[in-house]
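Quick one: the structure is below, and I'll ask about it shortly.
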Amino acid sequence: MSRETSLNSVIGLGLLLVPLWAYWADEPFIITLSTKVAILALAGVGLNIALGLGGLVSFGHAAFFGIGGYAMGILAAHAQTYVPLMEWPFLIDGTKSMPIIWLVAMVVSALVAVLIGALSLRTSGVYFIMITLAFAQMLYYFAISWPAYGGEDGLSIYLRNSFPGLNTLVPIQFFGICYALLMIVIAFSARLARSPFGLALAAARQNEERVETVGMRPYNLRLAAFVISAAITGLAGALYADLNRFVSPTMFSWHMSGEIMVFIILGGVARLYGPVAGAALYIMLEHFLGPISEYWQIYLGALLLLVVLFARGGLIGTLAGREVAHD
Amino acid sequence: MSLVLLIEQVLNGLQSGVMLFLMAAGLTLVFGVMGLINLAHGSLYMVGAFAAAATAAATGSFLLALIASLAAAAAAGAVIELAVIRRLYNRDHLDQVLATFALILIFSEGTRWLFGSFPLFLDVPSYLSGAVTLPFGIQYPLYRLTIIGVGLAVAVALFLLVSRTRLGIRIRAGESDREMIAALGVDISRLYTVVFALGAALAGLAGAMVGAIQSVQVGMGEPVLILAFVVIVIGGIGSIKGALVGSLLVGLTDTLGGFLLPQAFGLFMDASSATSIGSALASMLIYILMAGVLIFRPSGLFGRA
Amino acid sequence: MFLKNLGMAVSALALIAGGVTSAAADNGNVKVGMITTLSGGGAGLGIDVRDGFMLAVNQAGNEMLEVVIEDDQRKPEVAVQLADKMIQSEKVDILTGIIWSNLAMAVVPATTAQGKFYLSPNAGPSPLAGKGCHPNYFNVAWQNDNLHEAAGAYANDAGFGKTFMLAPNYPAGKDALTGYKRLYKGDAAGEVYTKLGQTDYAAEIAQIRASGADSVYFFLPGGMGISFLKQYAGSGVDIPVIGPAFSFDQGILQAVGAAALGVKNTSQWNKDIDNEANAAFVASFQEAYGRLPSLYASQGFDTANLILSAMDKADVKDADAFRAALNEADFDSVRGDFSFGNNQHPIQNIYVREVIKEGDVYTNKIIATGLENHADAYAADCKL
Amino acid sequence: MTDLVLETKGISKSFGALKASNNISLDLRVGEIHALIGPNGAGKSTLIKQIAGGLTPDSGSVHFLGEDVTTLDRVARARKGLGRTFQISSLAMDFTVLQNVVLGAQGAKGSPWHFFRNAMKDKRLLDIAWNALERVGLQDQAKVRTADLSHGQRRQLEVAVALTLSPKAFLMDEPMAGMGAAGSAQLTTFLENLRTEAPILLVEHDMDAVFALADRISVLVYGEIIASGTADEIRRDPQVQKAYLGEESL
């Protein structure tokens, strides 16, 4: 077992044990925080497929996070008020069922990602960073000024959505759902990295020409990576909305895109558990620094700066050493 | 809708365009010469505005305030260049985005720590306040005219600087070939500091000039920063000419879109929903413009492919 | 500034520590969770509410009252998480502090559904006043539309018949113009929704100039209002301006400067309201923090005093009794007496103020009473 | 002419006033090595790009296996069986040597659209990959990170990746560049045998190799083919001697 693998187990187990302890110690808020870590890590794992594996620096993943959130918000709001989502050409009712909401969130995010990706991937480098940002900003302003679902005020869902056989209102059970999804997606992402697709995508990141000469189109590979990545981030968005029982346009804001990126950098780019470590560190900082100083973001900024400047490879890179080529 | 109103709106678009240019010029210079994406550019804009407001409060002189904004922003720029930015030149864009994102947090909260959470006061000096009457009976604020003048003057000065002076030659050389200019014996790290400080000073000046008619507060730089990025991406990153064209395009699109779209929608729907849909679309318009430009010219209007 | 904030933090901590040692000793203790905006844009409002609230708490010296304060960063999801934390970990009895309507909409329904009290020191979104009213939700400030309604009424009194209206394109902005038009009898010279967070209003000012309006009504909270007023003053347009108190409050008036002089605005409070409680509040606030109190500070102060007054009468663990005690509003409000309507929102006077300069400081003075004992338009929808 | 594999028919390409390719007609036949030589700046890279894809000629056409491929991009041409090696090594530097060849095998035999299978455990791909590595003599370096290879080894790896595609024709851009004498000789022997598998269009500066290997040689000067023929014919061609060989002794 390599050092990184052991470290990954520690992180994965830690994220499971902390809320279990909190459950035993009757500290429900720690469970809520752990749930937040799991969800944000999920968003990060999604972005990491595009960013770490594919080298696509998307500064607009908040778009998919927000779409996932609104998929949940809109479906649940209609279910809450018993007003059908649409009646023509066929009747669609709202729903409070998590699996359906997740599916919708992922499918819609993926569809939007096909559109955004198809256009954005014509550019590269800084232009790609900026055009993805532009698309997210478009959705942000749209969400603010679109009155049907609350605009700037957002949408409140009074009761968390349901999952067959579980009581999602119990913090530890909702955590269990999020943790399970996180682990499934991490396993998927690990397989993906080793698959023929992952190999070709990673090659396209390093050398576009090489991939073309062996008869594969980097554009198609990247678009697929972007779409998969968006679907996962969209799923995270739906869970995040359920955690808060609330969605608002801030889920689309460029700060959100930046934050998802921060998780990856803090944890380590292209590391399987990087986003988990990064999200955990970020939430802990927010939780422990917040009460100490009103100006806690100064410390957060300083830490981030130090990581980028001196601890390249993030938390996992620093602790586990240089990435070994996996085979 | 009268012609006078339309002309006035065009002037407004022009004015917001030239201010954007001051921001975008520094951003594009820094990218062109050093290959760096600087998200903290908006913080320098804020530094300029706060320095101006503090100076104006202490001395009562608007001119001194403008000088202070230039000096403070240039100094802040030089300091972060020396301490942080120069370590980022050889990094990939991702590291640059993250490090400068961190700088935004530090600058914003640091400014709030120093100046408090309340907006500061900075006003147009009395000799520039009020409106003047232009041909066709257009009433237009003198200060906004001044902004247009200053902005265009800076643009001209910048073109002269880049095309005529030794510094300009080095900047252009730095854009095309870094090793080359190092080989010529130019102290490249000093050149970088100077270029960065110059860009910062322009941003600071914009912050101070705009601060006098808007509100001087923490976070004021961020919306402008995003707009400035839209500008340089439309214009082509690294191109000063592109920054100028992009600024005017964005300024005019934003102003005229916000003004004309609701009216256009009003032609075929009731006033209230036209206003609300038109305004919604108007707020997305520049991003639509940017996406459109990039789809047809993936390196912007004047960018090198 | 920093030292003062530090001092505040220390005194708040000391208070919390004091509260902890005596907690759970006997019944009657109340733990209040304050979620408010203390960082980022708009922090000034939250700081004022907090300072006003803590001033009342400190003055009362009631050891049975414990306060925990957290910063929501003006982000709804952060506010929701803090509310979870306050309820789950801190086990608070009462939540308060939220400034923004969208944050209130995110937090309040879940809070009251869990059997906790929520006392709003600022935001008053209409759903919470109408169909969504709740026995555990009290609004100590106003329903969102109130100040706009008063402005509309004032416009009638002042003889305006053609108003140009301006608000940001988001729900509170639309509510504002709806509120204004509810009592306003004249015509609209124009109705413009601007981008939220917009900083340049040249285009709108040009439209105002061309519209032939006899008055301008605008709702542009925070930095947006500052920008608008400064640009309006420089534009040479001299159509009279009316606004709600938010853009003319003590916190931002100094940043607007002379541009605001003479503007009429509506508020349920001003520092020159003549009653003993108010005089004492203004003096002690200035002494404690070295600045004039704002509308928000007055609302925070009143909220704390409302809680304190109810604590004297009932134990918070007996929700029905405590609710009844709150409902009496039996304390000396700095705005003068007010009562709660059936939806537990204030029925109160709303005044028209004018911006003046006192020495070097820009401030407001009351020139008229806009609406007397005014309730909100949504109370009828509330089934309480 | 059934043995014609690759052919350009009068292709021209200009950049402004510069005629980089001027009415070039070239062909490559089954079983041969056709070398393309020419001084620096003669327009070799431009010509290669038009043959391999990535640059469309202003006029004329490119044919591969009897099909007009002028408008196809390089991915499509690669899929049709045009194997290419680059002048400056174009490899995935963070990959191991084996990963690079597996990538090639994947391009040839599989598709990248498998998301769950482990590429590095796919027996079919590994067989092709190991076979290619053994043929160029890199099997002992299979687990080495590509960035850690020597310059010459990278050239070998380039050839190995091209082999995995079992191409119908090779387009090799200076495969000997930067190799030591021993490496050059080894590769020369290797290419000697490779021609029976698929013909090679060889662009090369190493004249020893060219004259040892090539069945035919074409000389490109200022965008034009000034001579084409066997090694002996080229050696004797007065135009070639004048335009080209003057600066390089044979």
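We call the chains A, B, C and D, going by the order they appear; numbering starts again at 1 in every chain.
Note that in this section a residue touches a chain if its C-beta (ideal position, glycine included) is under 8 Å from a C-beta of that chain, and two chains touch if they have at least 3 such contacts.
These figures come from a predicted structure and were not determined experimentally.
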A-D or A-C, whichever has more C-beta pairs in contact: A-D
Chain separated most widely from chain C, comparing mean CA positions: D
Cα-centroid distance, chain A relative to chain D, in whole angstrom: 44
Between chain D and chain B, distance of the C-alpha-averaged centres to the nearest whole Å: 50
Mean-CA-position distance for chain C and chain A (Å): 36
Euclidean distance of C-alpha centroids - chain C vs chain D, Å: 75
Junction residues of chain B - those touching two or more other chains: 108-109, 112-113, 276, 279-280, 283
Overlap residues in chain C, where contacts from two or more other chains coincide: 38-39, 169, 174, 193, 195
Pairs of chains found to touch, sorted by chain label: A-B, A-C, A-D, B-C
Parts of chain A lying in touch with chain B, wherever the complex brings them together: 51, 57, 59, 119-120, 122-127, 129-131, 133-135, 137-138, 141-142, 144-147, 254, 258, 261-262, 265, 269, 295-298, 300-302, 304-305, 308-309, 312
Parts of chain B lying in touch with chain A, wherever the complex brings them together: 31, 37, 84, 87-88, 91, 93-95, 97-99, 101-106, 108-110, 112-113, 226, 229-230, 233, 237, 276, 279-280, 283-284, 287-288, 290-291, 294-295, 298-300, 303
In the complex, chain C residues that touch chain A: 5, 9, 38-39, 70-71, 75-77, 80-81, 84-85, 88-89, 101-102, 105-106, 109-110, 113, 125, 169-172, 174, 193, 195-196
Complex interface listing, chain A residues touching chain C: 27-30, 32-33, 36, 141, 144-145, 147, 150-154, 156, 158, 171, 240, 243-246, 248, 250-251, 290-291, 294-297
Contacting residues of chain D [partner chain A, same complex]: 52, 73-75, 78-79, 83-84, 86, 90-96, 98-100, 102-104, 106-108, 110-120, 122, 125, 143, 145, 161-162, 164-165
